[in-house]
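Next come two complexes built around subunit A: one with subunit B, the other with subunit C.
For the complex of A and B:
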């Protein structure tokens, strides 16, 4: 008999159905991964189990049973008051965003001890002892110090370890992990997932793993539940679903996931002239009285018409390098040469930047037509009619329908917005595009379409790309050459094929080992 | 930390000096003066020449020398003499200050209580109309004029219900209505900011994590949400504390209490410059002191600010 049983669970937000009759079950000690893209209802389903839906949401139908035989509970329609005895004690939660999931004004120790206190533990000494045990168990060195620290004094990975300690403190039978590692760097992600696996094995805890990352789901789960638009489209043993997906949507998802589909490498064309040359680039920031080198002697070349990827984890200096190349920041020393780029304002006609966040980089008050035409107006290119024709041409290029012209950014999806941002970057006819995590915020199927679009544009217009990313699977797919950055330095440069198949530097090997297996 | 504190104290001294200078200049520029107001009454039968002599008796010399000697006096605690009554300004302040301090501190405490009650009740209530009603209370409070509220309270509680005697009565009875009059308008901004801060904190991702530990609604509100919401509220509370002195002018006049507010009102009517100057500098000192305290409290309440300070 299964530990958790959802039958035909339906959830609505303000009367609008978001989850339509989801049924799934989790056996004791089993890991079930719920995968799907944003808006698929996976997080809503998970939160419905412990009654943590926002105020405007309600479970309208279905049943939720939890517990081993004999102690079986029907959680359906339980009041908040009754659910509290289950939350934390029998079902733990590992949340999505370690940066903001801990109370900033309480110490780490107090927040771990809190779950014990909530469930009736009163003895201060015993709580303290247990907190220190837990901190040590989740792999944080020097638990005594950690317990007294505040969340902002810990790194993202350490905070997620603290949140895991909270989730497992009372040895629950089930842990709901909601995108537990999506906000973490790959190497950290791997260590955190390993920790969760160890703890599960030790305590025999079952896990409902909610994730958008098929690579994570493939490597860590026994069974897979694929969701789309609030419905389960397919479920079964993970290996079986991956090997022989039945639903068309699952097949598309697997095909689009860069981590799971090993495409051929893009080898650079022989002997192209360099479009971007970076020599000994250094950027120092002053922190108090000390100087901090964010970029420390970076040199590389990008051949015309190719894609060069700059990969690294957060804090590696890749974005600072990109900002100096597009002249948003002045180098402390070193030189960036972009072949054929004029000085002054016209530099921006030659070099353009596409940002990570398609929600923040578009003015919400402008129409799409105005947004795409803005560079043309700024540079005084063409008259009204010519500009209108150019905007229409650009929308065609990025495969957006004409009727988006008069719409506002909020009416578009994330993928459509990123297409708008690309169209705007292309408006003044640049030869170099710097793409800063340009596809990182997008769902895999959307991401795959944007990557296809970028490849086609490069082919048609002869563009040179500098592709900044933390995601090695994406980098493998789009780039000809790669530089791996760590702590402000480039540790390895080469063709994508070389770097991925014969990594020479230990850090590159560690990065590659951290991405899910299929690619390797 | 100590360096930060020292520089803040230096800034505070600078602000006080600027407040003193600005009000000194403004008071000198006022048309007419206290000597005219006091001695021009025809019944006294003084000639313009005699008035000029009196003026010469009070004035010390050039405007700059005057300013310097007054500033030196303030720095050493000699605030001069009231032109109206001839008593030392220090004495008049010392008489009025305790009354106002009692009124103001009681009113501030009550205002904070009212604000916390409104904000907590609004965020705790699950019915949306009740929440809406509670959240509109501060707007109502802030638009009530103090003199009108004071008169209304006297009408209801003293004349109609006869709960509080108009004249006489114990110290506590005399304090109740003025405190209420003063507290209601200043509770409004505190309540508004606190309610908004509570809403903001509730939207933070750490709140569902606390709920997932099995905490009760009250536990979440009291131990996490309120603790975080205090920070923005403290700033506003500090500002309103300074406003209390201005508020006490009207309240003390309506209730006929002898305090700093009454003293201000009399000094303005009589154009009693030394008293007015002293009151302005005192008010500025309270403002500066309170914001200094708020500054010191901030890093204690929010550990993230310790590194920044």
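For the complex of A and C:
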């Protein structure tokens, strides 16, 4: 008999159905991964189990059974109060965002201790001992010190370890992990996932892993549940689903996931002239009295018409480098040369930046037509009719329908917005595009479309890309050459093929080890 | 729980009553003749100090003038005064805030310290100071009240500008080759205005109150102008015997001020 059993669970928000009759089960000690894109209802389903849905949501139908035979509970329709006896004690939750899931005004030790106290432990000394045990168990060095620290004193990975400690404090039979590593860097991500695996093996805990990352799901789960638009489209043993997906949607998801589809390397064309030359670039920031070197002597070249990727984890200085290249920041020393780029304002006709977040980079008050036409207006290119024709042409280029012209950004999806941002970047006819994590905020299928679009545009217009990313799988797919950055320095540069097949630096090897098997 | 939240939401969604009050008062100001047949200035001594009734909705005053007619005809003075006051505060305050938020550095600090000084003086005291400089009169009172709200507008506008200026789309606008004034005008200003407009609606109510207060103190319109504050001040002498002379015009002022506040809140909520 399974540990957790959902039958035809339906959830709606303000009367609008978001989850349509989902059935799934988790066996004791098993890891079930629920995968799907944003809006597929995977988090809603997970939250429905422990009654953590927001106030405007309601479970309309279905049953939720939990527990081993003999202690089996029917959680369906339980009040918040009754569910409290189950939450934490028998079902643990690892929330999505380690930055916001801890109380900022309480020490880490107090927060772990709270779980024990809430569930009946009263002896202070024992709580303290258990807290230190847990902190040590989740791999935090020097637990005594950590217990006295506040969340802001810890890194993202450490905070996620604390959240895991809270989730497993009472040795629950089931842990629900909602995107536990999405906000973390790849190497940290792997260590956290390894920790979860260890704890699971040690305590025999079952896990419901909610994730959008097929790479994570593939590597860590026994069974896979694929969701789309609030329905389960496919479920089965992970290996089986990956090897022979039945549903068309699963096949598309697998094909689009850069982490799982090994495309051939893009080798750089021989002997092209450099479009971007970066020499000994340094950027220092003042932190209090001390100077902090965010970028420390970076040099590389990008050949015309190729894509160069700058890879690294958060804080490695890759975005600062990009900002200096597009002249949004001034280098402390060193030189950036962009072949053929004029000085002054006309520089922006030659070099364009595409931001990471398509939700923030478009003015919410302007129509799409106005947004795309903005560079044309700024540079006084063409009259009104010519601009309108150019905007229509640009929308065609990025494969957006003409009727988006009069719409506002909020009416478009994330992928469509990123297309608008690309159309705007192309408007004044630049030759160099700097893409700062331009696909990181998008779902895999959308990501794949945007990457295809970028590739086609490069081919048609002869563009040179500098592609900033933390996602090696995406980098492998789009770039010709790669520079790996760590702590402000470039530790390795080469063609994508070289870097991926014969990494020379330890850090590169560690990064590569963190991405799933198939693309290596 | 559920009915409470939906009830609250309905109230929040439709401030129709507030809009109706404001619309009615605006109509009074535009076409007072359509609402009352009585003369607001010339009284009928025989009808003096009549309590409210069918003939005189708000009763009559000591010289037999219809109080309702005086309120209706007075609305134009109070509303236009409030409008001027808000316009002064809105334009001057937003410009100052925009300048401070966009300029950064020394100019920002200088403007904001000036604003701090203005904010530290009670509004009415500030308005009185300005009136003493300008001399009494309807327009001067309006300007004085507006000057008192410049600081609040400036501080809010600056906060919004500083927030919007950091947005990605502003950087993207510079990245598209935009010059500073163009970006300021096209992106920063429109996206900063939401809360400022909400404050303007709130200040409209506050301005009516302040203008009435100054009228009450005798700094505003000269009698026999039927200005709302003056109406209430004139009725004060008869408070013991004729409650309607102060209460009913006062109720109208309260209704308009509350309606403006209500509308302001709904504007603040509707904006993203």
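One rule holds for everything that comes next: the second predicted complex is superposed on the first by the 520 of 520 C-alpha atoms of A that agree within 3 Å, B and C clash if a C-alpha of one lies under 4 Å from a C-alpha of the other, contacts with A are read in each partner's own complex, and residues count from 1 in each chain.
Here, a contact is a pair of C-beta atoms (placed from the backbone, for glycine too) under 8 Å apart; a residue touches a chain by one contact, two chains touch by 3 or more.
In this text the structure is predicted, and so the values were computed from the model without any measurement.
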Field: subunit B versus subunit C as contact partner of A:189, first or second or both or neither
entry: neither
- request: Considering only touches as defined above, state whether A:89 meets subunit B (first), subunit C (second), both or neither.
  value: first
- request: With the two complexes superposed on chain A, say which partner A:481 touches: subunit B (first), subunit C (second), both, or neither.
  value: neither
Query: If you stack the two complexes on chain A, which partner ends up touching A:418: first (subunit B), second (subunit C), both, or neither?
result: neither
- request: Once the structures are superposed on A, label A:80 by its partner contacts, choosing first (subunit B), second (subunit C), both or neither.
  value: first
Message: Quick check on the superposed pair: does A:365 touch subunit B, subunit C, both, or neither? Answer first, second, both or neither.
response: second
Field: Touching both subunit C and subunit B, counted on subunit A across the two superposed complexes
entry: 55
Field: Residues on subunit A engaged by subunit C in the complex (per definition of touch)
entry: 55, 326, 328, 345-346, 348-349, 352-353, 355, 357, 360-366, 374-375, 378-379, 410, 421, 424, 427-428
Field: Residue ranges of subunit C touching subunit A (in the complex, touch as defined)
entry: 5, 167-169, 171-179, 182, 187, 190-191, 272
Message: Considering only the defined contacts, which subunit A positions touch subunit B in the complex?
response: 47, 50, 52, 55, 80-81, 84-89, 92-93, 95-97, 100-106, 114-115, 118-119, 150, 152, 163, 166
- prompt: Residues of subunit B touching subunit A in their complex?
  reply: 126, 204-206, 208-217, 219, 223-224, 227-228, 301-304, 307
